[in-house]
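Some notes on the structure that comes next.
Labels A, B, C, D, E and F are assigned to the chains in the order they are written; within every chain, residues are numbered from 1.
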Amino acid sequence: MRILVVNPNTSEEMGKGIDIAAKRYANPGTEIVTVCSRIGPLSIESAYEETLAGQGVLERIIEGNKKKFDAIIIACFDDPHLSAARQISEVPVYGIAESAIYMASSLGYKFSIISLLERMLPAVEELVNKIGLNSRCASIKMVEIAALNTKNDQNSTIKALMESARMAIKEDGAEVIILGCAGLTSLDKPMEKELGIPVLDGVVCAVKTAEAIFGYGLKMSKIKAFKKPEPKKFVGLHYF
Amino acid sequence: MRILVVNPNTSEEMGKGIDIAAKRYANPGTEIVTVCSRIGPLSIESAYEETLAGQGVLERIIEGNKKKFDAIIIACFDDPHLSAARQISEVPVYGIAESAIYMASSLGYKFSIISLLERMLPAVEELVNKIGLNSRCASIKMVEIAALNTKNDQNSTIKALMESARMAIKEDGAEVIILGCAGLTSLDKPMEKELGIPVLDGVVCAVKTAEAIFGYGLKMSKIKAFKKPEPKKFVGLHYF
Amino acid sequence: MRILVVNPNTSEEMGKGIDIAAKRYANPGTEIVTVCSRIGPLSIESAYEETLAGQGVLERIIEGNKKKFDAIIIACFDDPHLSAARQISEVPVYGIAESAIYMASSLGYKFSIISLLERMLPAVEELVNKIGLNSRCASIKMVEIAALNTKNDQNSTIKALMESARMAIKEDGAEVIILGCAGLTSLDKPMEKELGIPVLDGVVCAVKTAEAIFGYGLKMSKIKAFKKPEPKKFVGLHYF
Amino acid sequence: MRILVVNPNTSEEMGKGIDIAAKRYANPGTEIVTVCSRIGPLSIESAYEETLAGQGVLERIIEGNKKKFDAIIIACFDDPHLSAARQISEVPVYGIAESAIYMASSLGYKFSIISLLERMLPAVEELVNKIGLNSRCASIKMVEIAALNTKNDQNSTIKALMESARMAIKEDGAEVIILGCAGLTSLDKPMEKELGIPVLDGVVCAVKTAEAIFGYGLKMSKIKAFKKPEPKKFVGLHYF
Amino acid sequence: MRILVVNPNTSEEMGKGIDIAAKRYANPGTEIVTVCSRIGPLSIESAYEETLAGQGVLERIIEGNKKKFDAIIIACFDDPHLSAARQISEVPVYGIAESAIYMASSLGYKFSIISLLERMLPAVEELVNKIGLNSRCASIKMVEIAALNTKNDQNSTIKALMESARMAIKEDGAEVIILGCAGLTSLDKPMEKELGIPVLDGVVCAVKTAEAIFGYGLKMSKIKAFKKPEPKKFVGLHYF
Amino acid sequence: MRILVVNPNTSEEMGKGIDIAAKRYANPGTEIVTVCSRIGPLSIESAYEETLAGQGVLERIIEGNKKKFDAIIIACFDDPHLSAARQISEVPVYGIAESAIYMASSLGYKFSIISLLERMLPAVEELVNKIGLNSRCASIKMVEIAALNTKNDQNSTIKALMESARMAIKEDGAEVIILGCAGLTSLDKPMEKELGIPVLDGVVCAVKTAEAIFGYGLKMSKIKAFKKPEPKKFVGLHYF
């Protein structure tokens, strides 16, 4: 199968990390193509940037459909514009938070999410509520590092994530850790080794979910929430 | 006080209706200015269109702040891009769904929302859950008419809305009706007269809420969910 | 418009504080009249005292309707006898907790309530659940000072409130503070100044809500939860 | 043991029915004394009447403690003033709704409540939420007959109740029926016989619960929610 | 009445403790017979052992029905196989967790459960959710002692339980303590004396609940959740 | 990878159907071995039969671990003994309900479950609550056909399922259908074709989930809910 992975920001560097992550555990027959948005913010760390990432994401979704990909992944932990993408797409679109949360819930009773920047906590909490698994969420913990700095300062990033994860296990009852940012994607296995419990990177989870659902021959339901929008006039937006 | 009302689509006609609604019950000292998005869809009837309305809305929010408005209203019942707008704004931003739902909950134990297009039902349900008052929501009922056609075909619009409202009262226990679309804004009082219970138009609710909160000298909390985004590089987006 | 503010206890001193609070931010055209219950407890700090405040409150509600007030506020944070008052009243009746909680939820994602006396915590928790916004409530914190002593010992009152508020912000994620007692009504703005986030006094919130809803020409729904009681024989109760 | 049953209204006739119900299934060693409120409404069918029943109920609670009863029951399905009574009482106080709901939940997965007057539905729904077993409540159904008329018109009362119960079983999945009014107390066994599932009268449930808890030597927790109120000045209320 | 108490493990020693507990507060006319499972694990401290206790429990339930007991109690805090037992039984079957949780909720606003072994916490949390009273549960606290060791090391058991109970009261707002293990059954009154709040042993709660419901002449609802299974072929299982 | 599929009943015929289903969409490199329980009921259609299926299931789980399978699936829609199996297993164990519910939630906003026998409805409702996605469940519909008869009477089975599915779509808002019985496993694609929305068979969902998680190199979390039980004495149970 062919999966298009859309990095919804315009950082080529982050796109490369996501591409590596997406390919790491893909099935032999799975072709992964990773693209970044052509327009929009360099990273998404607020609702404001998420909104402004929308046009860039949807362009890539439409292209992915034209190029006959079998599935599309939006590789940012807020699952930005997932409903919009699913409406405009004929092929399944996956969010990395949704995929990670479902997968985590098969591996332990409670999961914790370790993500970046305290200011994003309300958004992550709303996302978990929307997905519907708040009863299985032990805690959401934020580490105060900007996504684009996680590579530069990898040691202190790992150290801070490990400290949060250990607290989540000890105090909140976490049995599975979800890394809540597409910029942390390479840290799953090193952390898993030290913690002794599953550590999930949402990009991989989404690739494996896409393969699983494709393997079963399933498509998205297009009758209601993800129904194709009627043709409509757009003013001043290229491509639309 | 000065309130900027942003019609987040590019339909001047809908903008005019919103402007009339917003001014109808404004306090004498309240100056209302209504603008439409310069770019984006002609109406918002899907998550897809909501996403593509984002840039146009945020431009208007930023302008509203530059022009020293005291409050800003996003006049579409999905409260599109409300969190993003609140982050980028120094002055309070209000959604018409949120305002209507809070106001309704002071006037009866259960409210029902009558909105347009069955396909939007999941989005409205998610919105009520996010606002947090699902326990007070008797039902959400959708009438199968496109927003832009409500004026053309006003008689059948009213008839369909009244039928839904009466069912909501009789079968679901609704005590207050919320009109779930900025295109239905003039129908509140005629329906209220016939039904004998409060019928709320969210545009008016938001104006009155903005005045109330301004009158108390309150500002938004800017420390977490609505914290100002850090400066960031944007690629290919004018204004940002 | 004319608003009757009912202090549901018999403390004239607390009534004066409430009157000042209610008038502070009222619109120019709003006439505020504050009365205390003629019979009942000197303050309400238990369900027991709340029950015994009932008759006094309802007498004032009935008088308020006879004297053609446009709205009535019950100025105690438990919103005592609010449903009863709404049933017997033709004009809208507002609780200060309900009004503050709705207003807070427009200004931040999570609010905390700082109130008095640990023994009241279950009642406040039940109230928030009943209003329906428990998902937006970061925490309820109680300071161990009796309502009637808050004036005598204002310094230690403020100190204790500030400490609780700071903990609510830091540990619980509070973005807005609600002062959960009609005896704390003057402390909103001093605390707001220091904390840098909105601090809401319910009395003001209720006045502004009453004005907003009156300005929209809305009445309460009288068809079900707040339906007028049938005439009925009462034994041994004056006025009823 | 000695149980005081308080009919919180002033209807001697309803008091007699409650007394019979309370004694029907009491243990041989249980002495039941039933009293009506001396002051207050003739029946409680609104929040307004509930409020005005408060003083009469609390007088009886205080008397019950002075006369060394071992437990007290408030025999009205809204559990009116239960928290207040528990605060002022040293001995356990039981509500008939609470007792019936807990007992029902041991006998089937889902229960339905059949009560009187549509206008009371919001109050019953709030009560079930407050007790916390809304997840076990299949439905709440209201029959449009006033409590004081149930005796006069017993045939049509039974017919209406049976119809509601059968619908609750068939459509809502009810496995246990709770009669939601102290005026229906004699109908449990006749209905049970016809329906073939448990039909619970709350008065009996409360008596049996009181005996069970007394038999275990348990008292109420008096440290927080039901903590004894501090002495306080009351204005214009006899007895307090 | 005659109650069969089934210790669902094969520890005769634990069976004896349960028997003493069950008889302690039984009514004079109540005959208690306690039996242990003939086959199965020596104690139940995991879902694995719970599953393997199933056959032994059901044998005893079937025997209890043949021997015309009036009610049956499964005396293990996980309420193991309660639904199965209720389906195969004509007479009511009670779980000790369910009984304790309902009884606790009549005595205080919030209860805490003190049980054994951290690994069981998810199971207890799921049980409280299933029973439906999670909103009344202040906390679940686990003490790291194996059930079979509680007698050997009674001093350190009591000390650890008291410490957990005090923390539950102080930090979590517990007003009632439930002892979450049939091996702790004798510690209720000693702990109650020291803590000054009700401490409930589920075995006693179930006996008192069984007596209460029997005294009202009630049976289980057998129409849906607890409907008798159809006859079916079993392979390789004695007794079935 | 090698997956052991355990049919938890003793019906070889149902085992064959499950085996076919499990192999239908498996990856080329996946070896599927399906076994039935050696002891236990011929089908599981009650909690009673579920309990008695326990020993047979756990034997197969233990064998599966000894024989070095990479994952194990329990192929019955109640996910019977899933926690127990996970505790005793080193390799991941999957339930078919859990897998189907997570997969469905990626393909539409709301799913409905169509299962067999009205008496099982409470169990399925409890299961959905336990999994945590009740907010995404549009409805649970039961068709009154015994599992072992679905093959004999395939036409009327399909007809009844299709009718339920169409009602779920039209009245409840279902966008995805889950077939809630391992005996319905071959009907997914025929129904999908007619309904035009995804129809999921849990057996396939579990196989695809097992492959996905194996492909990512993940194991279960063994630190708390699924921690390995301590060695313990069992009386009278072979194998344990």
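Rule of thumb we're sticking to: a contact is a pair of C-beta atoms (placed from the backbone, for glycine too) under 8 Å apart; a residue touches a chain by one contact, two chains touch by 3 or more.
This one's a predicted model, so the numbers in the text were calculated from it and none came from an experiment.
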| said: For chain C and chain D, which third chains touch each of them? | reply: B, E
| Which chain's mean C-alpha position is the greatest distance from chain C's? | F
| note | When B-F and B-C are ranked by contacting C-beta pairs, first comes B-C
| query | Cα centroid separation between chain A and chain C, in whole Å? | reply | 44
| said: Using mean CA coordinates as chain centres, what's the gap between chain E and chain F in Å? | reply: 29
| query | Just how far, in Å, is the C-alpha centre of chain F from the one of chain C? | reply | 52
| remark: Contacts with two or more other chains occur in chain C at residues 109-110, 121-122, 129, 135, 173, 224-225
| Topology of the chain contact graph, where touching chains are joined (line, ring, star, complete, other) | other
| said: Which stretch or stretches of chain A touch chain E in the complex? | reply: 109-110, 135, 173
| request: Spell out the part of chain B that touches chain A in their complex, as residue ranges. | output: 10, 37-43, 45-52, 54-58, 81, 83-84, 86-88, 118-119, 121-123, 126, 129-130, 146, 224-225, 227, 229-230, 232-237, 240
| query | Which residues of chain C touch chain B in their complex? | reply | 25, 27, 92, 94, 98-99, 102-103, 105-110, 131-136, 169, 173, 175-176, 189, 196-198, 200, 204-205, 208-209, 211-213, 215-226
| note | Touching chain F in the complex, chain B uses residues 121-122, 129
